[in-house]
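Paired with chain B in one complex and with chain C in the other, chain A is shared by the two complexes that follow.
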Partner chain A sequence: MAELATSVKKVIKSKMFALIMLLAMLTTFMQFGTDGMFLHPINIRTILDMMIITGMLTIGSAMLLISGALDLSMGAVGTMAGMLFAVLLRYYGVHWSVAFLICLALAAMFGVVNAILVNFARFPAFIATLGMAFVAEGVSFLFAGGANISLSDPFMRALATGRFMNNTIPFSILILLVFFIVYGLILSKTKFGRQIYLVGGNPHASRLVGINPRKISFILFINSSMLGAIAGIMFNSRVAAATTLGITERQFFGLIAAILGGVSFGGGTGGLGGAFVGLLIFSAFGNGMFLLGVDSFWNQAMFGMLLLVSMAFDYLRTVGWKNIIGRRSL
Partner chain B sequence: MDKSVTVKKSDGRLGRIVSYVLNHKVSLLVVITIIVVSFFQTMNPNFLREQNILIMLIITSFIGFLGLGVGLLLISGQIDLSTGAVTVMSAVLVALLINAGIPWPLAALITLVFGAVAGAITAFLVNGLGMMSFIATIGMMSVWSGLALVVTRGNPITINDPGFWALSDIRFFDTIPLLFVILLFLVVLYGFMLSQTKFGRSIYIVGGNKNAARLAGINPKRVQNILFINAGAISALCGILFASNFRRGDPVAITLGMDAITAAVLGGISFAGGAGGTGGFLVGLLLLSFFNNGLNISGVGPYWQTFARGAILIAALLLDYLRSRQREKVIRAGTAEKTAAKSK
Partner chain C sequence: MANYVEFNNIKKGFAGVQALDDISFRVEGGRVCALMGENGAGKSTLLKILSGDYIADEGNILIDGKPVVFSSPHGAIKASISVIYQERQLVPGLSVMENIFIEDLPTKGIRIDKAALRSKTQAILNEFELDFSPSEIVGKLSVAHQQMVEIMKAYRRNSNIIAFDEPTAPLSEHEINTLFKVIRKLKSDGKVIIYVSHRMAEIFQISDDIVVLKDGNLVCELKSDETNELELIKAMVGRDIGDTYAELKRNDKIGEVVLEVRHLETDDVHDINLTLRKGEILGFAGLVGAGRTELARAIFAADPIKSGEILLEGKPVRFKSPKDAINAGLALCPEDRKEQGLVLERTISNNVSSAVLSKVRTGPFLSKQKEQKLANDAVKMYSIKTPTIEKQCIELSGGNQQKVILGRWTSEQVVTKVLILDEPTKGIDVGAKAEIYQTVCDFAKAGLAVIFISSELTEVINLADRIIVMAEGRITGTMTRQQATEENVLKLAMHH
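After this line comes the complex of A and B, so read on.
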C-alpha cells in the first residue's frame, strides 16, 4: 500500500503529469468557452490536420535543444525546399519521389553549413542559423523569382490532406506519430540517443568518455534541416501552392512546442513524449484562440507571450520554486 | 579601437596576412568603404547625388540608433533582437498619442518612457528569470510587433502635426539631416562614455569576464540592466524620429534590428563581448548602408538583397571569429610566458 502511495506521488510530481494536467485544463476551458465546439470531431480533425507541420519542426528543435544547440533556419529551409519541390514538379516534370530526394539533399547541405559554422567557426548557434535563414529565404526567392507556384501532385496531395477510417483520421497524423515514435526510441533506447543527452548535459564530460560532440552536432543539424524540408513540402502539398512566405514564420512554433513540452533550453533534459504533449498544448491553444474569436492581429503577440511564459516555466522547473523563495529570504 | 591587444605576428604567410588585417581592421574597413563607394559610383553616377546621399544618411541614422543600443549590449555580453520591434511599437505609439491631441514633445517623452519600460521588461526576463537574452528578446520582438498590429489593426496611422514633421525636416548645409547629426552626437557621447568613464570601462569588464567583474566589485546584472533600458529607450527615440520622417506610425515590421547587429559586428564590436568601440561601429555602419543602398540603386532584385544581408552577417561574424581566436592565442601565449618565467 505504501509502495502504491509513493509511486502515485512520483507520478503526480513528474513533468509529464503536469503537462497532461495543463492540456486537460486547457481543453476543459476551451470546451466550455466555445460551447462544445472545441471537442467536436470536425474541429479535432482540423487540429490534427495541421499538426504535422509544427510537429516536424518540434522534433527537429527538440533533438537539437537536448544536445544544447538550436536551429532557427528550419522554417526558412522548409520554405526553400517546398519552393524547389514545386518548381521541379511544375517546370521540369520531375517525379515527386526524385524531387523529394533532391529537396532533402539541398536541405541537408544547409544543415552541413549550419554545423560547420557552429562547430568549426564556433558561432553561437542562434546567430549562425539566423544568418542561414536569410540565405535560405534569398535562395527560395531565386527559385521562382518571388512568384507563387501552384502545386498539384496527386500523390503528395493525398498524403498531406488524405484521411481514412470514414474520413476521420488524417494520414499525416499517422506519419507524424511514426516519426515521434521512431525518434523517441532513438533518443531513449539507442546508444546514439543517450549520447545526445550527454553532449547536451556536459560537452566536456562527453568528450572525456570518448564521444565526438561534433559528429553528433552534424547529424542533428542535418536532421533538423531535413525535417524542416519535409514540413515545408507537406505544407505546400497541403495548400496546393508554394509561396515565398511558406512556413518561415512557423519556425518558432516548433521551438515553443518543444520548450512547452519540457525540453530545457540548457540542454540534456526532456524527451519526445513531453514534446508531443507540448505540441498538443500548442496546437490546442492556437485553435482555441481562433474558435474563441480572438482577433487574428493578436496571434503574433500571443505566440511571443507563449514563448516567454514557457521559458519562464522552464526556468522555474530547473531552479525550483523552493530555491527562488529561499533566495529571496537570504 | 582596442589597441591594447595587438595581435601577435604569427608564422606563415596566411597567418601574417590574417594578423595584419586584424591589426588594421578599422583602417581596412575605411579602405573597403572607399572601394565600395567608388564601385557603385562608377556603376551608377546617381549614387553620390545629393538626393541619394540624403536618403542614405536618413536610413543610416535609423540603423545607427538601434546599433548603438545593441552594440553596447553586445560589448557587455548580451544581445537584444527586439530593438526593431520596439521601434515599430514606438512609432505607432507616438502617432496615436499625437492624434489623441497630446502636444508632440509630451508624446515623444511618453514614448521614450515606454521604450525604457520595454527595456526594463527585457532586463527582468534576462537577469531576473535567467533566460538567454536572444530567445527572450525574440519573444519580446513578436510581442511588440504583434501589439503594434493589434492597436492599429494593421493600418498605418497618419500624423498631422507640422511641428512634429519639422523634427526630421531640419537640414544642415541643405543635405545633412538633423537625424544624422543626432546620431553623430550620440556616437561621440557613447564613445566618450565607453572609453573615459568608470561605467564605460565596467561594460568591457562585464563582457570580457563576468567573474572578474564581480570580483572587482562590479555588479554585472546592474550594468546589463542599464544597457537593456538604454537600448529600449534609444529604440523608442528611433521610432519617434521614424514616425516624424515618414509622417505616420507604420505597424509593419522593419528589419532595421538585424541590420543594426550586422553593422555593429562589422564595425568590430565582438559578438563574444568585451571588445569594440563606437568609432569602428560608425565605419561599419556607413559601409553597410553604402552597400545596401548601392545594391538598391544598381537595380539588384530584393531576392539578392535578402541573400546579401545574410551573407554579410555571416562574413562579419567570420571576421569577428578570426579576431577573437587571435586574441585568445595572444592571451594564451602571455600566460605561457608568465608560467615559464615563474618556473625559472
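After this line comes the complex of A and C, so read on.
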C-alpha cells in the first residue's frame, strides 16, 4: 500500500503528469468556451491536419536541444527546400521522388555547414544557424525570383492532405506518429540516443568516456535540416503553392512545442514523449484561440504567453514554492 | 579589539535532513578556529548561515554579544563578515583590480579612477607576493591565482570576521605559505578567523582551536596544541582508523612493462620518458600547474601530442581520440569530477554504463537489466551510499561521485589495463580517502597499472610504489617509495 502511495506520488510529481493535466485543462476550457465545437470530430481533424508541419520541426528542435545545441535555420531551410521542390516539379518536370531526394540533399548540405560552423569554427549554435537561416532565405528568393509557384503533384498532395477511414484520419498524422515513435525509440532506447543525452549533459565528460561529440552534432544538424525540408515540402504540397514565406516562422512553433514539452534549453533533459504532448498543447491552444474568435493579431502574443506561463509553472514544480519564497539571493 | 562571534543553538533542516542540530560555539578574535568534519557534516551549511545565504531555522549569531540579523549576503558584508567559498565568485571577464574592488570602485566624478584602483590593487598584490598585473583578466588566470583573487577580495573589505572554506584546495605549496602568512597577519590584527579544510597538516599549522562537526552535531572543541592527528580523525569519523598507510594491503607482485612513453612533447609537457608496469602504482607529485594533468590527458589522447612515442605492451600506439585510448585499455578518472568526470544530471546507472554502452545492449536497444546489473555491481563493490542506482549523481557526496567514476572503469565490461587517477581524493573526507587508498591497492593487486596523480605529498609518497616528480612540464626526478620523503620530493617539485 505504501509502495502504491509512493508510486502515485511519483507520477503526480512527474513532468508528464503536469503536461497531461495542462492539456486536459486546456481541452476542458476550450470545450466549454466553444459550446462543444472544440472536441467535434471535424475540428479534431482540423487540428491533426496541420500538426505534421510543426511536428517535424518539433522533433528536429527537441533532438538538438537535448544535445545542447539549437537550429534556427530549420524553418528557412524548409522554405528553401519547398521552393526548390516546386521549381523542379513545375519548370523541370522532375519526378516528385527525385525532386524530394534532391531537396533533402540540399538541406543536408546546410546541416553540414551548420555543424562545421559550430564544431570547427566554434560559432555559438545560435549565431551560426541564424546566419544560415538568412542564407537559406536568400537562396529561396533566388530559386523563384521572389515569385510564388503553384504546386500540384497529385501524389504529394494526396500525402499531405489525404485522409482515410471514411475521410476522418489524415495520412499526415500517421506519418508524424511514425516519426515520433521511431525518433522516440532512437532517443530513449539506443546507444546513439543515450550519447545525445550524455553530450547534452556534459560534453567534456562524454568525450572522456569515448563519445565523439562532433559526430553527434553533425548527425543532429543534418537531421534537423532534413526534417525542416520534409516539413517545407509537406507544407507546400498542402497549400498547393510554394511561397518565400513558407514555414520560416513556424520554426519557432517547433521550438516552443519542444520547450513546452519539457525539453530544456540547457541540454541533457526532456524527451520526445513530452515534446509530443507539448505539440498537442500548442496545436490545441492555437486552434482554440481561433474558435473562440480571438483576434488573430492576439494569437502571436498568446503563444508567447503560453510559453512563458508554462515555463514558470515548470520552474515552480521542480524548485518548489517554498524554496522560491525562502530563497534569499541568487 | 576584543571581539568574538558566537553561534547560538543554530538549527537548520532541509527536506527532512537535519543539516545542523543545535550548534553552539564561540570563536575569539585573534585566534584561528578550524572547522572540521567529514563531507556532509554541516560545515558548509554553517558558513552559509554566517554569510547570510541561508537563514537558520532556530538560533542566532552573536557578534560581541549582540545578536545580528541579516537576510542576505549583502547584510553579512555590512556586518563585517566575509566568507570565501570553494566556488569562486568572480566575474571572469573583468580584470583583477575590478574584481577585488567590485563593490566599491574608487571614482573620480562619474568615472572609475583607474589609477587609484591600480595602485590600491598593486599594494594588495605586493602584500600577497603575487606577480601578476592588476589589469590581468581574471578568466585568464590559473585556478590557483583566481582563488587568491577571491581571497584578496575578502581581505580588501577589511572585515572583522573572515571564514575560509577549503581555500587551499587549488593552491600549490608556495601559495599556501603566502596565504598562511596573510592569515597570521589577520590574526595578529585581532580578526575572527574560521578555517575549513580537509588537510590535516594545514590544520595543525594554522589553527589555534578546532571545532569538530559530525552529521550536523558538534562533537567536540579542541585546542590544536593539545591534540593530535589520530585523535582528531577519531573525532571526525567516530572511530579509530589507525595509521591508514601501514594498514594498506599492498600488491607485491609487479609484472612486465605495460605502458612506455618516449620523448613525449605537447604544448604543456616536454621530453617525457616513463615506464609503467603491471601491478604498479606510479605516483605523480608536483605543484599545481606542473603538467601532470596535461601529461595524463596527452597519454589518453584528450589533448594533442606534438611528437614522441607511446608504447602499450611493447607496441607503438597512436590514439586519435579518447575513444581509441579506451578501446586499447586506458581509463582516465579526471581531476575535476563535476566538469569532466560525470554527467551530473544523469543517474548513477547511466554514468557507470556511459563508457560501455555497446556492451549493455540486447539487439539494437539498450538493455535496462544489463545496465542495472553493471550499476548494482559498482554500488556493491565500492559501497556507494545511495538508496537507488536511479539517483542523479549531482545528489551524491564527492566521495561517492568518485566511486561512481571508479565503478565505470572497473566494471566487468571494460578491459582496463592502465588506470589514470587524477587527484582522486580531492575534496573527499578522511574516511572515504582511506577506502580509496585500499581500492587503488586492490587495482594493483588485480594486475592494473595505475597512475596516481595527487597534490597531497603525504598521499603520493605513501601510496605509490614509484614516484615521478614534475615541475614546469618536465620530469625532475624519479624515486621509489622507500627513497621518497616530503622534503626531497618538494625540492624536486620546486626545481627550476
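Keep in mind that, in the parts below, the second predicted complex is superposed on the first by the 310 of 330 C-alpha atoms of A that agree within 3 Å, B and C clash if a C-alpha of one lies under 4 Å from a C-alpha of the other, contacts with A are read in each partner's own complex, and residues count from 1 in each chain.
As a working rule, a residue touches a chain if its C-beta (ideal position, glycine included) is under 8 Å from a C-beta of that chain, and two chains touch if they have at least 3 such contacts.
Predicted model, so just to flag it, every value in this text is computed and none were measured.
Peer 1: With everything superposed onto chain A, say whether chain B and chain C fit together or clash.
Peer 2: Aligned on chain A, chain B and chain C clash with each other.
Peer 1: Is A:N299 touching the first partner chain B, the second partner chain C, both, or neither of them?
Peer 2: Only chain B; A:N299 stays clear of chain C.
Peer 1: Quick check on the superposed pair: does A:H204 touch chain B, chain C, both, or neither? Answer first, second, both or neither.
Peer 2: The answer is second: A:H204 touches chain C but not chain B.
Peer 1: Could you look at A:K9 and tell me whether it touches chain B, chain C, both or neither (first, second, both, neither)?
Peer 2: Neither partner.
Peer 1: Using the superposition on chain A described above, determine whether A:Q195 touches chain B (first), chain C (second), both, or neither.
Peer 2: The second partner, chain C, only.
Peer 1: After lining up the shared chain so the two structures overlap, which partner does A:M132 touch, if you call chain B first and chain C second: first, second, both or neither?
Peer 2: In the superposition, A:M132 touches chain B alone.
Peer 1: Looking at the overlay, what does A:H95 touch: chain B (first), chain C (second), both, or neither?
Peer 2: neither
Peer 1: For A:T269, using the defined touch cut-off, is the partner it touches chain B, chain C, both, or neither? Pick first, second, both or neither.
Peer 2: second
Peer 1: When both complexes are superposed, which of chain B and chain C contacts more residues belonging to chain A?
Peer 2: Of chain B and chain C, more residues of chain A lie in contact with B.
Peer 1: Just checking: does A:N212 make contact with chain B only, chain C only, both, or neither of them? Give me first, second, both or neither.
Peer 2: In the superposed model, A:N212 contacts chain C only, not chain B.
Peer 1: Report, in rising order, the residues of chain A that make contact with chain B in one complex and with chain C in the other.
Peer 2: none
Peer 1: For the complex, give me every residue of chain A touching chain C.
Peer 2: 185, 189-191, 194-195, 197-198, 201-202, 204-212, 268-269, 326, 328-329
Peer 1: Using the touch rule from the top, collect the residues of chain B that touch chain A in their complex.
Peer 2: Where chain B meets chain A, its residues are 125, 129-132, 134-136, 138-147, 149-150, 153-154, 258, 271, 301-311, 313-314, 317-318, 321.
Peer 1: Under the touch definition given earlier, write down the residues of chain A that touch chain B in their complex.
Peer 2: Within the complex, chain A contacts chain B at residues 117, 121-124, 126-128, 130-135, 137-139, 141-142, 145-146, 252, 265, 295, 297-305, 307-308, 311-312, 315, 319.
Peer 1: Under the touch definition given earlier, write down the residues of chain C that touch chain A in their complex.
Peer 2: 52-55, 71-74, 300, 302, 321-323, 326-327, 332, 334, 339-346, 350, 354-355, 357-358, 361, 364-366, 408
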